[in-house]
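Same chain, two partners: chain A is paired with chain B first, then with chain C.
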Partner chain A sequence: MGIRWQHIALWIAFIVVMLALPEFVSKGTLRTIIFANFLAIFAISWDVLSGRTGYISFGHPFLIGIGAYTSAILSYRFGFPVAASIPLAVVATMIGGTLFFLPALRIRGSYFALVTLAFMELMYQLVQVIRPDLTGGTRGMSGIETITRGAVNNYYLSFSLMVIIALAMWLVMKTRLGTALSAIGMNEESVRGSGLDTTKLKLAAFMIAAFIAGLGGAFYVHYLGSIAPRALFDINFLFTIIVAALIGGASTIIGPMIGAFFLTFLLEYLRPVLPGAERYFIYGGIALILYMYQPKGIYEVAKQGWGRLRAVRAGAGP
Partner chain B sequence: MSQIIIQGLLLSGLYALIAVGFTLIFSIGRVLNLAYGAYLMIGGYVYYHFTQVLGLPQIAGILMAAIFGCVIGILKYRLIVKTLKGDHVAVEISTLILAVVIQAGIVLVFNDSSKILHPIVPGVWRIGGATVTFNILTAALASWAILIGLYLFVRNTHIGRAMQAVSMDVKGAAISGVDPDRINLITWGISGALGAVAGVFFASYTQLSPSMWVAPLIIAVAVVIVGGIGSIIGSLIVAHIIGFMEIISTTLIAAELRGVFTMLLIIGVLVMRPRGLFGREEL
Partner chain C sequence: MSYPLELKDVVKRFGGLTATNHMSFNVENGESLGLIGPNGAGKTTIFSLIMGEHRQTAGEILCNGEDISALPTYARIGRGVCRTYQIPRPFAEMDVLENIRLGLMPNSIWQMLTRNPDRYKEIELALSVGFSENDLNRHPAELSMGDLRKLELARTLATDPSIMLLDEVFAGLTAGEIAQIADLINKKREAGMTLIIVSHDLRSLEPLIDRAIAMNHGSIVAEGSFAKVMADPDVRASYLGGE
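Showing the complex of A and B:
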């Protein structure tokens, strides 16, 4: 299905470089990359659902939150081993994904985005009120069991998770399912007109997105060791996920990864130059300008630049 | 009981004012302005700066808030909405980014601790068993005055009728000699000014903080969705439903649950009846 050897070579090169990275960079940089890895996972999850099908989800923190909270509660309050709590968290998130899916059967466009936003706010308020003895209420929980310790180990863990998800999604999107999902994004009626069951296809996209979000959320909470509602069900968190996917390049696999690394490192490299509150201002401003300049993202900019370069070379030749 | 009715009425008036600027934009361009909450925040902070830092009279503070909101609305239309040529998803995303940028800007200028506004009109009024602060009473009266004014403006003036025309059919309006671009610009300006004035009242009812824009945005979204696109009367009714629901859940159930019912209402209505309870194609 259009898998060329260059692709595989690029993947291998990427994985080798990333695996060798802890030998060359400091622990601080590794910690930054860990965050970028998790953000990339969330952005890939967002992209599977929204980037491909065009159903813009503003409620991704809702899915990630279900995964994170389920795993945290199971392991912290009930003493489940992480090996059991994470799969259960993923299952819970997929059930949440089904809930998420129901409004999508009837509504589209801006309205879908708004319902998902309402889901996120609902979750934020409920988590604090319903059973605070389990969720830890407003303050959340801390001291949750972590999977490994140390920057290097966590780096390998988060990177493996990210790269496995990315590769799996890359393969899934090469199948007819991936093609059909992108087609829904272009014109849902025609897809239905050509005899495909769009409801089933959309359900598949929601399930995959929920699976990744739940997995990412559960691993994330066991990396951080703590969880709080305001850090999770927050518009700023949502903003980072969506912008990472869009600024990198929606409906590609590499795009959300580029976007996640770009945003995380942008914020990190602005720190020495602008230590104060102006950092977030500049950071958001750059994201806005970049998005307005090319809504298709950095991947598209790079592709066009490459194409132009080749055209210039071809023109300069004989 | 009288407490619930009075508080509910007053809060609903405020919510109607918060939502109306959002409704205007949504009905005229079908554009979701996710940075709408930022107008309220800017309005609140501008008022705070001019009255409590510089010590100008309150009416000047409100006026400055309205001017700031209007200018920002116009800039937003010129620089973002027009540049993106009405691509809805792109406008939603970029206004979301803009809201986060404005939030960072507010932190930059005013730092991120929350601030208390002095009540616009101090004093309390007791009737029956109910206590009413003059502040929320003023807010409710002002929103009623503004809403009636807006309704008359949209119904009776030339520009108002042109706004209705553009919201119904852009091409048709253009053929009849209305410049849709100019009408859009005016609407964005009005929406910004309304949002900023609503922000002054909202901030005096709650408090000023850099994350205060989310709650009013959700209220505005709820009112518009549940009320249906482009119905000022619908928005008014729904503002009352939401206001009363909040007051009832605060006094009778638990204060923490006040937002939960609003969210459930949004989700329920959108799933059951996507065009809203009073959805009609009119302004």
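Showing the complex of A and C:
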């Protein structure tokens, strides 16, 4: 599978540092990291589907929304314990993911992206109109049960969830399934010509992506304690997810994580200087320059830098 | 008697264009059949129909007596039929071995997840088509046209076929590369593989086939030994454009 001890060592080091972090940083920073953790989960979900297979989803908030709304409605309206509402939300998201998958049987590229964008918009409109007594309509719901309280606890919870998903996906993508999904992104016809059922493979990618999005969405709503359609089915939220995956390094696991942290902190540090929407301008500019310099993202830049450093140290440098 | 591959009265229309017009032919076990004809004669369409990339408008395609007309491409490959393309289609961001890995993959997600790739077999296939050990980690962008054809052959051979459809395998190759590929095809022939070869390079094609079918406008013009087909006045007319 190509797992080297350096990989394991890096994972362990990363986990140890992150677990020790609450001792060293402020609660405000922890809250920022909590958002980064959730963004990383959503970006990994997006990447499994779009980064690998090339079926660009512009409707990921649709999947996240199913997870979030299902769990919120079940616990807030029907008194389900969170331990039951979250798994049910994941199941609901996977059913929603099947719906999401249907256009992928026939179309790809920008057409697929547009259809998925329509899914998100449809969900945004429906949530406000259909059964507002359940969804809370335009205003959404607040006072939803939270799993735990305080920045530190929520930090540990969100980090554990993120790292478990990331590790699991890292292992899955190291197998031949990961290779096959990436191959679909490069040339779907050739995958078919290699004797593989691409419909089955794509369905697997959609189900994995929906599983992660549903899980992340459900945990996220029980962290926030509130939900509103405007915040969730929002084009800015969607682009933050996509840009996180792309800027960090699509088709990897570490890339979307790096991208999510980079973006979250970038926006956070820009906030005191540029409190308004201008900071999205700066963030867009930085994303664009980075992407033009290295389309494979920050991860690739770091990898090349590391390689050069090693070459210089070994005396083989230019 | 059933043939490894048999087409019965196959018709394919693309809108108003009839690309395949009531074609019937078969190949025998271990036979090498050449499919020749001018551009647009419908040779590649035949391959697409056999592989299920397009569905025929009418007629039957049989594989060892079984009608495979309704089967998806992967199921046909599972029955031992495979093809190469006129323009090689490698996976651009994967090296030679990873490209071959795709062909070796079982069509089962569970097995993909639980079993490791067979590296030994990947290397064996790569070397068998003429790659050197230095090539194994090269990416398609670093390969010549001849190497890309070899790569495609290796990936296709990885699906363990008994019938191979080779589409313009000599196009864009140097004389040396043509000799290499021809040698490879001959080896497969000796090993009992059933082949259908489409080529414009008739001189290179001739020694590789037992029988030829000339087609034009989606129909068979002549059939028989290479010499007999080439002597046919209709074939000459279709190539030279005369009446």
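As a convention for this text, the second predicted complex is superposed on the first by the 307 of 318 C-alpha atoms of A that agree within 3 Å, B and C clash if a C-alpha of one lies under 4 Å from a C-alpha of the other, contacts with A are read in each partner's own complex, and residues count from 1 in each chain.
Just so it is clear, a contact is a pair of C-beta atoms (placed from the backbone, for glycine too) under 8 Å apart; a residue touches a chain by one contact, two chains touch by 3 or more.
The shown structure was predicted, so the numbers you read here are calculated from the model rather than taken from an experiment.
Under the clash rule set out above, the superposition-derived model of chain A with chain B and chain C shows the two partners fitting side by side. In the superposed pair of complexes, A:M292 makes contact with chain B only, with no contact to chain C.
In the superposed model, B is the one of chain B and chain C that contacts more residues of chain A.
Once chain A of one complex is fitted onto chain A of the other, the partner contacts of A:F239 are limited to chain B, with no touch recorded for chain C.
Using the contact criterion defined above for the overlaid structures, shared-chain residue A:E278 touches chain B, although it does not reach chain C. In the superposition on chain A, A:F119 makes contact with chain B only, not with chain C.
After overlaying the two complexes on the shared chain, residue contacts for A:V172 are found with chain C alone; chain B is out of touch. After the chain A superposition, the centres of chain B and chain C are separated by 80° when viewed from the C-alpha centre of chain A, nearest 10.
Once chain A of one complex is fitted onto chain A of the other, the partner contacts of A:I107 are limited to chain B, with no touch recorded for chain C.
Shortest separation of chain B and chain C in the overlay equals 14 Å (C-alpha atoms, whole Å). Residues of chain A that lie in the contact sets of both chain B and chain C are absent, per the superposition on chain A. Those residues of chain B lying in contact with chain A across their complex are 30, 32, 80, 83-84, 87-90, 92-94, 96-101, 103-105, 107-108, 111-112, 214, 218, 221-222, 225, 254, 256-257, 259-260, 263-264, 266-267, 270-271, 274. Chain A makes touch with chain C in their complex at residues 1, 172, 175-177, 179-180, 182-183, 186-187, 189-198, 200-201, 204. Considering their complex, residues 51, 53, 72-74, 77-78, 82-83, 85, 89-94, 98, 101-103, 105, 107, 109, 112-117, 155-156, 158-159 of chain C touch chain A. In the complex of the two chains, the chain A residues touching chain B come out as 54, 56, 102-103, 106-107, 109-111, 113-115, 117-119, 121-122, 125-126, 128-129, 235-236, 239, 242-243, 246, 276-278, 280-281, 283-285, 287-288, 291-292, 295.
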